[in-house]
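Worksheet: one structure, shown below.
Going in written order, the chains are labelled A, B, C and D, and every chain counts its residues from 1.
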């Protein structure tokens, strides 16, 4: 077991109403790696991601961060995790800046300015307008911009590119690469094929063992 | 001790043991309940004040005790679920709920039937009866919440939290209702109490209480076996049956 | 024997409460047992059909 | 490596955010007060406007109505966060979830529980409650409504994941409200008759501290469970 692995799972299993979605799943991710989870709908991709974040309890096995089960070090682990799920997780009543400020308060603040972040995801013009007035693609970009608001090593993204257009995907593809170069890890699911450095990429197919 | 606790906790093992124990428990229950009924209905003398109506006590008091005992057992299961996440504790908790609710319902019905000859009305806002009524709502809350959640593993944890929160509140509710009762009714009304207890009355009461406890374990094992089959439908050990 | 059943005039209260108690206790034992048997039969029939 | 905000900063931050969100949809938070006034006006219509009778049962009516109003407004604590996914972000923060939950419950109380204070004296007059009972009425509302929000938050956290959680919520929460109702109503009743109410008020304070210390942990566990 390479001790340099940041995120590991040991024979992880997940059951949803009497059906084994996956069993004794063991993966290990060193810094700079990206794991893309693929498989038909309902094969447990989302459940796996939610187990990795600790939102959902695994039915068997354990998730380790730097060699230790995440259950015992919730505060340190969550400092390093950034999760973007199906829901964008942004409040409609607040403006983009207010949403980002809250996201920053919930983790280790990164030293990138909020306006600069909005500029990177070209939402600068909408800084003060309420999220309610944004389109689905813009809301998704705001949700993804949260990744830049905090210093976190592990990005867990569930279908990050839903309702994003071509050049937004390229833009975030670039951001992912920078994150990997900085020694971060990404675990994501995606139907779109994204241009990512092949050597850092490992694919995980779910839905076969069943 | 922990090894036993763990081995006993594995569903197939418990399923077999419960199966073996049920006939013995039924026999024991029948013996105890006939002895208790004989003692309570025939041997015990009528009370000088209440005549024979006090004999309802032999059913009312044990079911009231059991309604409390079962809730405490469920709260303990709740703690086990939250701390060790033992699957068996989930099964025991949700199987105990209907039994506890039935005991509470019994305590209420027999209590009001006992109240009729004494006070002329079926329902009396007496402290203990009122707490039993609220306890019944707590039970129904637990059963309702468990049915409302599809994923049974999640439902078990929800019910565990509710049982623990409920257990913290039961003494508070009981104390508040007692306090409320003395505030409004004042000491004049004859307190809803058991008549002075002779040995000939106490023995049947204890026998009945013991038989109810044996009955609880019996019904619990029965319900657990059904619940286990329902929950473990396609696991391996069920195939061999 | 008659005055035994009369319960000193309180027969209307003592016997119904015992009857209800007997019924409730019996139900709590009988219903789970049936469910258990029904589930067993279902499993056996499903298991049996798998083998053929 | 600048480290994360201190716990109190995160608490205040979330509290301010929730108040901001509540400010943006004020209409939704006027409902509990309207319901409170509406329920109270029903009683004279049902029982008849006889002043002596009304003033006799006024404390009980006001408190039952306050309890129902508080319970009705509970759903809004986690519902919007659950639907738009920000509840997950809170659960995934390094700060202890129980403290963040406390922030959300405080925000909810400030927006729904406190406004009942404004409506209560007005309703006390409508029911002909004696003048000397009003200060106690305000005091009991001030002390008891946070307890209602704190205990109610546990019920909401348990039922937020359910489709028709509303009905189950009342079944779970109302039995737990009984002690608060008993002591609050009897405090106002005694005050109306001019007796001393310190016993009831101290009991309510005891409930407040008990629920302040215990219920956030239960709510956090329930939220973690409903979000899974």
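By definition in this document, a residue touches a chain if its C-beta (ideal position, glycine included) is under 8 Å from a C-beta of that chain, and two chains touch if they have at least 3 such contacts.
This structure is a prediction, so every number in the text was calculated from the model and none was measured.
In this view the innermost chain, defined by its CA centroid being closest to the centroid of all protein CA atoms, is D. Across the assembly, the mean Cα position most removed from that of subunit A is the one of C. The mean-CA centres of subunit A and subunit C are about 55 angstrom from one another, to the nearest whole unit. In whole angstrom, the spacing between the mean C-alpha positions of subunit B and subunit C is 17.
Inter-chain centre distance (subunit A to subunit D, centres taken as mean C-alpha positions): 36 Å. Centre-to-centre separation of subunit B and subunit D, using mean CA positions: 32 Å. Residue positions 228 of subunit D are each in touch with at least two other chains. For subunit C, no residue reaches two or more other chains under the stated contact definition. Contact with two or more other chains is made by residues 233 of subunit B.
All chain pairs that touch, listed by label, are A-B, A-D, B-C, B-D. Those residues of subunit A that touch subunit B in the complex are listed here as 16-18, 57, 59. The part of subunit D that touches subunit A in the complex is made up of residues 1-5, 9-10, 13-14, 17, 20-21, 24-25, 80, 83-86, 88-96, 224, 227-228.
Across the interface of their complex, subunit D is touched by residues 82, 134, 137-138, 140-141, 144-145, 148-149, 154, 157-158, 161-162, 164-166, 168-169, 172-173, 175-177, 179-180, 183 of subunit B. Considering their complex, residues 37, 41-42, 46, 51-53, 55-56, 59-60, 63, 95, 98-99, 102, 105-106, 109-110, 113-114, 116-117, 215, 218-219, 222-223, 225-226, 229-230, 233, 238-239, 241 of subunit B touch subunit C. For subunit B in complex with subunit A, the residues that touch the partner chain are 85, 150-151, 153, 233-234.
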